[in-house]
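Two complexes, one shared chain (subunit A), two partners (subunit B, subunit C).
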Partner chain A sequence: MTTLATPPQETNEPERPALITPRKPKVGRWALFAVMVGVAVVMLYPFWVMIITSLESEQQFLSGGGFSWLSWSGLSSTIPVGQEVLSSTIVCSASIFVILCVGLPAGFAFSKLRFRTSTSVFLVIVSAMMVPLQAILMPEFVNVTKLGLTGGYFGAILVYAALGTPFSTFLFTTYFRGVPDELIEAGIVDGLGYVGVLGRLIIPVAVPAIATVTVLQFIQIWDDLLVGLLFIQNTNERPITVGLAVLAAGRTTSIPELMAGSLVSALPAMIVYLGFQRYLVKGLTMGIDR
Partner chain B sequence: MAEITFDGVTKVFGDDIKAVDGLSLNIAEGEFMVFVGPSGCGKTTALRMLAGLEDITSGTLSIGGTVVNNVLPKHRDVAMVFQNYALYPHMSVEKNIGFALKIRGDSKAEIKRKVDEAATILHLNDFLDRRPKALSGGQRQRVAMGRAIVRNPQAFLMDEPLSNLDAKLRVEMRLEIARIQRLLGVATVYVTHDQVEAMTMGDRVAVLRDGKLQQVDTPQHLYDRPANEFVAGFMGSPPMNLLRCHVRAGKDRVQVVFGDQVIELPWDYTSSHDLPPAGLDVVFGVRPEDVLVADAQSTNTLKTRVERREALGSEILVHLSLDSSSDTSQSPRGELARPVALVAKMGPRQKIAVGDVVFVQFAAEHAHFFDVASGETLRSR
Partner chain C sequence: MSVIATKAPRPMRAGRMTLRRRRQFAGFLFALPAIALVIGFIGVPIGQAIYYSFTSWNGLTSQWIGPSTWSQAFHNSNLWTALQNNALLLLSVPFALGLPLLIAVLLHQRVAGWRIFRSIYFMPTAISWVVLGLVAERFFAYQGTLNSIIHAFGFAHTNTNMLGYESTALSALGITFVFTMIGTNTMLFLTGLATLDPTLEEAARIDGAGRWRIFRSITLPHLSRFIQLAFVMTVIALFSALFSLIFVMTGGGPGYATTTMEFLIYQTGFNQGDFGTAALYGIILFVLTGIVGIVQLRLIGSNE
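Right after this comes the complex of A and B.
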């Protein structure tokens, strides 16, 4: 009698996939979490100190405890905080308006219109992004002084717009390169000119890019001290950062009042950031998936 | 509605890249003209010149008898449907369709009436409030069509409008576009690389290659009487079989010599084609459906071997090599394979297997001869 050798465990069943087991938390993940908590603490601690200190009187701050609204009520009498916040808002809004008015059409032209020198002009503009503010501050100051614009808002607006436009042009160009040409051509065949296409078709689809430019420029301009200090010489038009610097430079600086002022200064930038955060992430990552 | 005339239209990109070379073509009022050809043949450039999206290097282009070479796109009164639809993403379907009318300055009531009319034709009434991103590919395509038809333009221009759709939807939309075009009777130029679309949709088809018009004719005539080897090979799926051979006029018959095999065709070919009695090397063309299986005892056959078999359900495509061919190569399974010379279309129940020796005949009245050097047909005009 012969016996048949059985083949080694051969079946017709398809091989089953291994059961999915829940991933065990790894040491690396915990370490990453710890690092992130540490970074968050480092970032948030100054805010905590600002909030706590601003809610103390001068005496309580020196003696190390207590609660008082004195620094907040005294802030407006020490510096014209309302006027300064308004000045910062005017300078920020006007600068961003100019930046958008120049950057949007420029980005559209560089990305969608064909003209001979487009690449070289674009490279020159982009290279302007690499020039630090401090390097061109004095020439700018001389020019703006010659124009007689160092007193009020206009000089600062001009400088901020000049500094922000290369970045916004670069960002809009990158963004518009991802917009299909057919969208523009459809508008042209439908009866629009290039200006119409920009206004009625491109700007509505460029909201993430506009938000990105707005937020980044707002934070940069709102927090800037140097340009405001040099170019806005009228004391009743100075921005909040200059006001705080003046407060800090005083001979009898009240630390709780300074902290209250700093909070007032920091809040708008934070609100703008949080409000536009959704678009900001989208705007900054655009182009990656194309 | 108007006729369109290309008269020696040329487009040169840069210094020497001729995208369209002396295109002369007349598209009648209400005609559905299809531009077909492989990628880079100039069909889209020709369409874009018609739309005004590309400048014309030389020649004249007229719409309705008016030369439009220097007329802005918005003044040409043409509507275009793009490959990726190009819908305005921030507008609802209703606003997308009515946008051109709004720009034109039509009244709100007029826009509403026309949009509703277009939506009814395109079965879009239920989607008018939606944004394009909330629509399927087919619905987007219909919106793009709606945007074109609502303007009642002089001409429709369509740039591969079905290429982003799946196969089933493409067939549906093909019929839909043809129906709408016939309903509206507007001259239409339709660009595609898909010869099935060209054959099924066009009143006439213009075949382009390297910027040059190869042939323009009705689909059936183009299929039956290709002007050259390129058109013969491009139109039809699978394409026409094209074989190098020697032709000589025999006694009452035309002899076609493939290596050491000879078949004979009716003498009529000498009157309809320029086939010199002294003999000539030519390219012989025969459509796959005109390759017929014959008995081994039949005369006037070619002995072939089955190299590959593709069952498509409704038919079988059989790839044949000439049995006399001495060129062989090793297949992955170690068998000797010969280069495929012919593809035959056979019925689904044809008993045939790889390696079989098959005798084939050609439907005598459907043979084509092309000049070896120029590729032009040898058919007498």
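Right after this comes the complex of A and C.
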């Protein structure tokens, strides 16, 4: 994003601002700044609501204001946040692990070890990206239930993995197309074998792609509701997003406590997002920005 | 499988052939888990959904009925309500694209602190639509922020409760949807703007072109591919990602006012236990998103 010829440091450009705004430069800049602050207020609104509301007790919330730690101190008795965050973490990391283990070799195969019909197989897998889970929800639910996988985390992990595999395969394939064939040939000549080439040569150069898949899938799976809601039947194993949604739909939980729980659920995804912003952008614009 | 036999010395050409075969076989094996996962969990259920759409099915036992299930489904007013809700929600797409475009152009001006603004604008993208739905519910509630704003503008006795009425609930859902899409689409457009050659704008400016002219004749055409991609992503999200918002904000109500296709599938299957009809609705949703999907594949394809 910083590939522009002009460095983005505003202070070092004595000439450019004059070129951009020949008329009334000062006023224009200030107006622009004011608009940006306005947009920022709108975008920060959800966080403001969550923080302010969670710092009220239920009575204060209903009567219109006040300050109390009550919603936070009583949080774990209403919403089992600890257990739910743990469930979310388990489901997320296991699903991402499967998605990487399946998508990376497939991407390597579709880009470098092409076999007969590999082009059409690749197209079929990529088209699967477009299939929304709701379209196949009923058979999927019955199949996974019949396999006896809705009791623990396995059903949800497999469904998430299957839904994430088309995208990760697509991303790894496009990424590996940029790797020179000579690298693989050299590895084969050295007697590494294809598994060795994959493990020792391909995975090390794939780190940025791995990061992109991980970050995107983490946010997607952590934030998801439908799969966790249906494919994890045991209420003690519910991920946090599901726990929140079910309590919210029940309409008996106090709003301040729901907001505190929301903040807890939002925090990990936000940390990941702020830390790995550039991988997120890369993943979103994959296939168009090259 | 003749791989093992070729370890023994052989004429040059035969050796090459098997090397190529070996590579293909390795490729097939590497791709196999992905193929199996996608076929098993996406391909097979599509076939099953088509089959079960012709049956009466409660999840345990199914009974073949035939094409009459389809004609019956199209006589069901709930299906038409859901389709109509989806169609009405499409009206929010121009806003879900226009606002991010404007924000991206503003960010691209790079006023002081634009990086911080960028991070702030994208922040809601990281949080779950369940959480954003909860916040939106607070916003539209009788004692919520929207009414506070209206009161602050001097209309002290005007009170709205958009989620509470059939006539306004869908609009509230649409507004929330636009908000949730702002981060992603702004990100897309900003990436597009970053690939724009700044000397082009500069040259046009020297030639005396105004800002609007530059935007229309240089910036917009350059962004067309990004706008197309954002359009497809937004429409797909509209058909298949509203579940979380609807689940926490309205539960599909009041009445069926905010029941979209995807929510109708969930309700029909899990609240009414009518798995067959839900599978049938799934096929309809599949076809709808398929049409949009073909457009996207064309976009990706034309790029390579």
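A few notes on this one:
By our rule, the second predicted complex is superposed on the first by the 235 of 290 C-alpha atoms of A that agree within 3 Å, B and C clash if a C-alpha of one lies under 4 Å from a C-alpha of the other, contacts with A are read in each partner's own complex, and residues count from 1 in each chain.
FYI, a residue touches a chain if its C-beta (ideal position, glycine included) is under 8 Å from a C-beta of that chain, and two chains touch if they have at least 3 such contacts.
Quick caveat, the model's predicted, so the values are computed rather than measured.
Judged by the touch definition given at the top, the superposed model places A:221 against neither subunit B nor subunit C. Of the two partner chains placed around the shared chain by superposition, subunit C is the only one that A:248 touches, whereas subunit B remains out of contact. In the superposition on chain A, contact is made by A:273 with subunit C only, not with subunit B. In the superposed pair of complexes, A:264 makes contact with neither subunit B nor subunit C.
Residue contacts after overlaying the shared chain place A:209 against neither subunit B nor subunit C.
Touched residues of subunit A, counted separately for subunit B and subunit C, are more numerous for C. Judged by the touch definition given at the top, the superposed model places A:201 against subunit B, while subunit C stays out of reach.
Within the superposed three-chain model, A:183 lies in touch with subunit B and out of touch with subunit C [touch as defined at top]. Those residues of subunit C whose C-beta lies close enough to touch subunit A in the complex are 23-31, 33-35, 37-38, 40-46, 48-49, 52, 57, 59, 103, 106-107, 109-115, 117, 119-135, 137-139, 143, 145, 179, 182-184, 187-188, 190-192, 194-195, 198-199, 202, 205, 225-226, 229, 236, 239-240, 243-244, 247-248, 251, 261-262, 265-266, 269-270, 275, 278-279, 282-283, 285-286, 289-290, 292-293, 296-297, 299-300, 303. Subunit A makes touch with subunit B in their complex at residues 180, 182-183, 185-193, 196, 201, 204-205.
The residues of subunit A lying in touch with subunit C in their complex are 1-6, 8, 10, 19-20, 29, 32-33, 35-36, 39-40, 42-47, 49-50, 53, 64, 101-103, 105-106, 108-110, 112-116, 118, 121, 124-143, 145, 158-159, 161-163, 165-166, 169, 194, 198, 219, 222-226, 230, 241, 244-245, 248-249, 255, 258-259, 262, 265-266, 269-270, 272-274, 277, 280-281, 284-285, 287-290.
On subunit B, the positions that touch subunit A within their shared complex are 51-53, 73-74, 78-80, 82-90, 99-100, 103-104, 147.
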